[in-house]
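Letters A, B, C, D, E, F, G and H mark the chains in the order given here, with residues in each chain numbered from 1 onward.
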Amino acid sequence: MPQHATARTDPTRDADLKIADKTFTSRLILGTGGAANHAQLAEAITASGTELVTVALRRVDPGASGSLLDVIERCGVELLPNTAGCFTAEQAVRTAKLAREAFGTNWIKLEVIGDEDTLLPDPVELLDAAETLVADGFTVLPYTSDDPVLARRLEDAGCAAVMPLAAPIGTGLGVRNPHNMALICENANVPVVCDAGIGTASDAALAMELGCSAVLLATAVTRAADPALMAAAMRDAVSAGRAARLAGRIPKRHLANASSSFEGMADL
Amino acid sequence: MKIEVNGEAREGIATITDAVAAVTTARRGIAVALNGEVVPRSEWDRPLADGDAVEVLTATQGG
Amino acid sequence: MPQHATARTDPTRDADLKIADKTFTSRLILGTGGAANHAQLAEAITASGTELVTVALRRVDPGASGSLLDVIERCGVELLPNTAGCFTAEQAVRTAKLAREAFGTNWIKLEVIGDEDTLLPDPVELLDAAETLVADGFTVLPYTSDDPVLARRLEDAGCAAVMPLAAPIGTGLGVRNPHNMALICENANVPVVCDAGIGTASDAALAMELGCSAVLLATAVTRAADPALMAAAMRDAVSAGRAARLAGRIPKRHLANASSSFEGMADL
Amino acid sequence: MKIEVNGEAREGIATITDAVAAVTTARRGIAVALNGEVVPRSEWDRPLADGDAVEVLTATQGG
Amino acid sequence: MPQHATARTDPTRDADLKIADKTFTSRLILGTGGAANHAQLAEAITASGTELVTVALRRVDPGASGSLLDVIERCGVELLPNTAGCFTAEQAVRTAKLAREAFGTNWIKLEVIGDEDTLLPDPVELLDAAETLVADGFTVLPYTSDDPVLARRLEDAGCAAVMPLAAPIGTGLGVRNPHNMALICENANVPVVCDAGIGTASDAALAMELGCSAVLLATAVTRAADPALMAAAMRDAVSAGRAARLAGRIPKRHLANASSSFEGMADL
Amino acid sequence: MPQHATARTDPTRDADLKIADKTFTSRLILGTGGAANHAQLAEAITASGTELVTVALRRVDPGASGSLLDVIERCGVELLPNTAGCFTAEQAVRTAKLAREAFGTNWIKLEVIGDEDTLLPDPVELLDAAETLVADGFTVLPYTSDDPVLARRLEDAGCAAVMPLAAPIGTGLGVRNPHNMALICENANVPVVCDAGIGTASDAALAMELGCSAVLLATAVTRAADPALMAAAMRDAVSAGRAARLAGRIPKRHLANASSSFEGMADL
Amino acid sequence: MKIEVNGEAREGIATITDAVAAVTTARRGIAVALNGEVVPRSEWDRPLADGDAVEVLTATQGG
Amino acid sequence: MKIEVNGEAREGIATITDAVAAVTTARRGIAVALNGEVVPRSEWDRPLADGDAVEVLTATQGG
C-alpha cells in the first residue's frame, strides 16, 4: 500500500512522456538561452530534472570559452537543436539539415519567425517547412501559435508534437489564452508541449492542467534571479500540474460547499 | 583566391577543412554550409572555388 | 555541488514555516473535511506531506466506525481544531474552549461565519472572538476575508497568523483577488496562510507566489476524483510556488525577448 | 430527573460521567459542555440538575 | 413602434435609480476630486450626464479662486458630501454633522479609512459610524470593501445603499473581484453602487453587468487626458452595462455556435 | 461651449470609420444570423445604430416568408455578404463571386473555416483566398484568428481591413487574448474589426479600448433575451470604448491615489 | 434531360432561367452557379446540358 | 484671549462670527466646529473662551 501510495503520488511513474521514438520521465524541456554562464546553466539543468535541452546553431566563436556541448554531456541530458532566428521555410530547412550534420540527430525544434518584435511564428512558412522536413525524415517539433487549426495542420503534416506558445518568447506573460490551449490539447493526437511565454511556476502548472504533455521554457529559468531555484520550482510545478490534471479537480461553484458539516453541531 | 568564412574574407583557404581550421580547433558538433548548402564531413576536402562562402557552425545557447 | 544543488532546490530547507511556537517543514495544511472514508483520508494526508490537519468539533456519533484521532495519530501529524459552523463570537469562543479541553491544544482555527450560503466570515464577530481568545491564551489562526484592513486588525489583536480566503469554502475558484492577497502579504508581520477556495495546483502555486507563507485546503483534495494524487499535486504546487517566489521571477514584458540570440546567425 | 444529552432527553443520568457513558465509550478527545459552558474532566462527577443540557463532543472531519 | 423602440433602447426610461427618497435618471455618480480646475470639472460633469456629485469638507482656503458650490449649481446637479480622510467613526460622524450644517443635506457618503496606503475602509469603524448616523437621521451611503457579509450588515444597519469598491481609490484596476461584486448584488435589497477603482469604460460596463445599480467614480474621469471625453465614455458605458444586464446575455460556450447556418449551403 | 462639449462628447464626430472607399459613422457591424424573425431583426438593426450588416449566401428557400433584402433595405443599411461555411479557398472564392453577382457589391467578409467544432479560420486557405480575391478586385474583409503575424500577412495581401476574432463564433467568451488583440491594433495600417466571440457590452467596450476600429457581432445581439435592448447596449458600449481609448485612461496603480486630498483636513 | 437544381433532380429545365423560375419568383439578389461557376444574368438563357448542376442562391441571415 | 482658527492662533476673536469673518467672506456652504463639535449658525454669536479651537469648513473637490 505505501508502494501503491508512491505510485499514486508520482504521476510520471505510470505515464512517461513519449515523443516519436523517445521516452522521457521528465515533462520539462529546458531552453539554454539566456544563462549567464555555463556553470549557472549546468546548475539549472540539474535542478530542473530535465532530460532534454534546446540549443541554437550559430557561427563558431573563436573567443568562446568552454563548449556548450560538454556542459550538456556532463549533465547527461539530450540535445534538441532549434532553427531560432529563421524567417523563411528555406532558411529553417537548411538550418535543420546543418543541425543534423552537426549533432547527429534528426530531431529539430522548428522555429520560423514572422515578426522580429514579437518573434511570433509565421503560420504559412512554418507549415511549409514542417512538410519539407517531415518528408526528409526529420522528427519535427514545431514552435507554433496557439491557433488550434494550425496545430491540427502541423499534426496532419506529420509533426511528432505540436508546441503552441503560452505567450511571446521571453515575455513571461503566462498562458494568454487558456481556451485555445485547452482546445489544442482536446484535439491533438500527438503530445502538446507548451513552449514560450511561461513566467513563473503557476503558469507552468496551469499549462499542464489544461492538458499539455510537457512544458518548454528558457528565459523564465535562465534569467530568474536564482536560476537553479526557479528550475526546481518549474520541475515541481510541472509535476504538480500534471498530477492535478490526472487527479480530477473539483468543479467550480458559485456558492460555498461546507468542508465542515453542520451535522452534529453542539447547541452552545 | 578569395573565400568568405563566417562572413569574413580570407586568403589561403583551399578546402572546407582549411576553412574550419581557420576558425576553430573543435571537431565535434560542427557543421559546414557551402554557399548555403550543408556539406557532409566526408566532402570537406573537395577544393573551394573563388568567391565561395563557407559557414562553420556549432551549438550556442538557445531557447 | 550536488549537496549545494539540493539545498538550493529545497526552499523549505532554509526557510521553515514558523507559527507561534511551532516550526513546520511542510507549508501545506490539510483540512480533513469531505474525505469519503478514513483510509482515503490517511492516504491523502501521507501524499500531501502535511504536518498539520484541521478537525471540527461535533457531538459524538455513537454509530461512528473508527476514530479520526487514531487516523491522525497514525499519520504522525498534528491536529488543529476549528470553530466551523459558529455564527457568533460567543459560540466560537465556547467551541474553542471545548476544543482545548478535548484535544489539549490551545491552537484554534477561528471561524465565525456571517452567511450560510457563502460561508464568508463576519468581520465584526471574528475580530471580537479573536480578541477574547487571545486574551485567554489561545494561539489564534483566524479564517478571514481577503480584506487587508481586517487582516491588519486581526494581527494587531494578537493572532499568530492570518488566514485570508482565496474564494468561498469549497468553491474551487482559486485566488479571486490576487491584488488583495498581495497587499495582505506585503503588510503582514505574521504568517499569511491562504485558506479556502483553492481548486487546483496552479491556484496553490499562485497563492505562494503572491507571498503567502502556507496554504490550507480541504475540499480540493478530499473531493477530487483521486484525493491522494491531488494531495501530491498540492504538495508539489506549494513548494513550486514558494521556490518561484524566492527565485525572483522575470519581469513581464509586452514584446518578446529572444532566448536565442541573433548574433552569429549564419547567412543561409 | 430529565437531562438532555446531545439534544436527546434521557433518564437516569446523574452526572456528566453518566452522560458521556450514555453516548460513547471513548475517553480520549472528548469535551463536555454543561448548559453551554465547558466542564473540565476533573468535574465530571458533580451532580446534574433537572433540565440540564449536556453536550458531549469530539473530533470530526472538518476544513 | 419607433416610440416602442425608443423605450426599449433606453433602459433608464423604465428603470430610474431610486435611493432613499430621491430618483435619478443617470446611474453615474461623479466624484469631483482630481479635476485640474473648475472649468474642466464643469465640462466633465456636463458630459457625464450625472445628477449627483461628491464633495469633501475641508478648511476654507482664503486663497481659493471661485466656489466649487457655484460650479455644481451652474451644472444643475445635486451634491453628496463625503467623510473622506476620516480614520475613526467619531471623526466621520462629526464630519457628517458638519456637512449637514454646511450644505443642508442629510445625505452622506460615509468613508472611514483603515489604511493610508490603500485607503481601504475599516469594517468595524465603518459599521459603527453607519449605525450612529442612521440613528441620527442621516441617509447613509457607505463606501465599503467588496465583502458581501459587511455589505449585508451595512444594509441591516439601515444604510440607503451600499457602495462596494471595485479596487482601491484611484488605482484604475477595475473590478478586482467580480465574484464578490455579483454576490453583493444578488443579496442586496438596497441599491449597490460600485465605488472606487474604475479605470476605463469597460470596467464601468462590467460593474453594471454584474448587477450594480450605479457607478461612482472620480479619478478615472478627472485625471484622464481628456476628462470630458472620458466622462462621455463613462456615461455610455454605464447605460451599455445596464442595458446588457437587462437584455439577458447569451450563455458562454466552450465550442462555437454558427451564426450562419450550414443549411442550404451550395455545392460548389 | 455646449457645442464644443457636444463635439468632445461624440468621438465619432471627428473620427468616422473609413474602410476602403466607404465611411461609416457607426463602428458597430451587425451580423444578421440567429434572429428569430425579420421583425425582431429589424428592431435590433435600428436599435444598434449600425450602417452595415452581414448576410450569408444560401440556396433559395421556396418556403421562405418575406425577403431579408427587403428588411435590410427598409432599415436603410448596407449589406456585407460573407463566405460563411466554406472550408477551402476555392469554395470561398466561388462564393464571393456569386455574392458579387447577387448583390452587386465587391465587398466580401471572407470566412474560410478550418474546423467545424470551433469554426476557427484556416490560416493557409484564408490567406490564399484573400490573395485571389484582392487580385480579382474585391474589397476583402477577412475573418481571422488573433494571430498578429497572420493579420499582418492579410494586410500585406491587400485586405481592406483585418477582422480578428475575440473568441470562437457564438461562444460569447469575450476577448480571450487582449495581448494579441492589442499587438494587432498597434501594428495594423488598415482598420481592425473585432469579429466574433463578443458576449456582452463590456466585451465590446474592451475591444475598442484595445484599439479596434470597430466591432462585428451577431449572436450576442440576435440570441439575447431582448435583442433590441442588447443592440442598444452594444451601440453604447462601442462608443464608450472608443471614447475611453481616445480620452487617455489613467495608469493602473498598485496603491491608492486619494481623490479627496488630505490637505485642509479639520482637526476633529 | 436531367438537370439538378439546388441539389434536386428536375425535368423540363432547358435554361438557367427555367431553373431559377423552378425555385423562386424573386429576381433581385439572386445569383446562379452552373457546375460551380458563377453565370452572369446576361447568360441565363444559354441552353443547359444533361447532368448540369445549377445552384440558385440568395441572401439568408448570417454572421 | 487666544483662539485657534483652522489651526492658526489668532487674537481679537470674540465669537464664531469673528472667526468665520477672519478666514472667509463666504456664508453659503460653511460649517463651523467648536472644539470638535458642530455649532449651528444660530449660535455663532455666543462668546468664545480662551484656548477654544474653531474649524471653519466648506466644500472642496473630493471623490
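FYI, a residue touches a chain if its C-beta (ideal position, glycine included) is under 8 Å from a C-beta of that chain, and two chains touch if they have at least 3 such contacts.
Note that this is a predicted model, so its numbers are computed, not measured.
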- prompt: Any chains in contact with both chain F and chain H?
  reply: E
- request: Return the chain whose centre of C-alpha atoms lies at maximal distance from the corresponding centre of chain C.
  value: G
Field: Pair with more cross-chain C-beta pairs in contact, given E-H and E-G
entry: E-H
Task: Report the inter-chain centroid distance for chain A and chain B in whole angstrom, where each centroid is the mean of the CA atoms.
output: 33
Inter-centroid spacing, chain H versus chain D (mean Cα positions, whole Å): 66
Field: Interface hub residues of chain B, defined as touching at least two other chains
entry: 6-7, 33, 36, 55, 57, 60-63
- line: Two or more other chains are touched by the chain A residues 31, 33-34, 56-59, 61, 82, 84, 94, 98, 118, 120, 169-170, 173, 179, 218-219, 222, 254, 258-261, 264, 266, 268
Task: Give every residue of chain F touching chain A within the complex, in rising order.
output: 114-115, 118, 120-124, 127, 145-150, 152-153, 167, 173, 176-177, 179-180, 183, 187
Task: Would you mind writing out the residues of chain A in touch with chain B in their complex?
output: 31-35, 41, 54-62, 67-69, 79, 81-82, 84, 94, 97-99, 101-103, 169-170, 196, 218-219, 222
Field: Residue ranges of chain C touching chain B (in the complex, touch as defined)
entry: 258-261, 264, 266-268
Message: Touching residues of chain G toward chain E in the complex: what are they?
response: 6-7, 33, 36, 53, 55, 57, 60-63
Query: How about chain C: which of its residues touch chain A in the complex?
result: 1-2, 5, 8-11, 31, 33-34, 43, 46-47, 56-59, 61, 82, 84-85, 90-91, 94-95, 98, 111, 117-120, 168-173, 196, 199-206, 209, 218-220, 222-237, 239-244, 246-266, 268
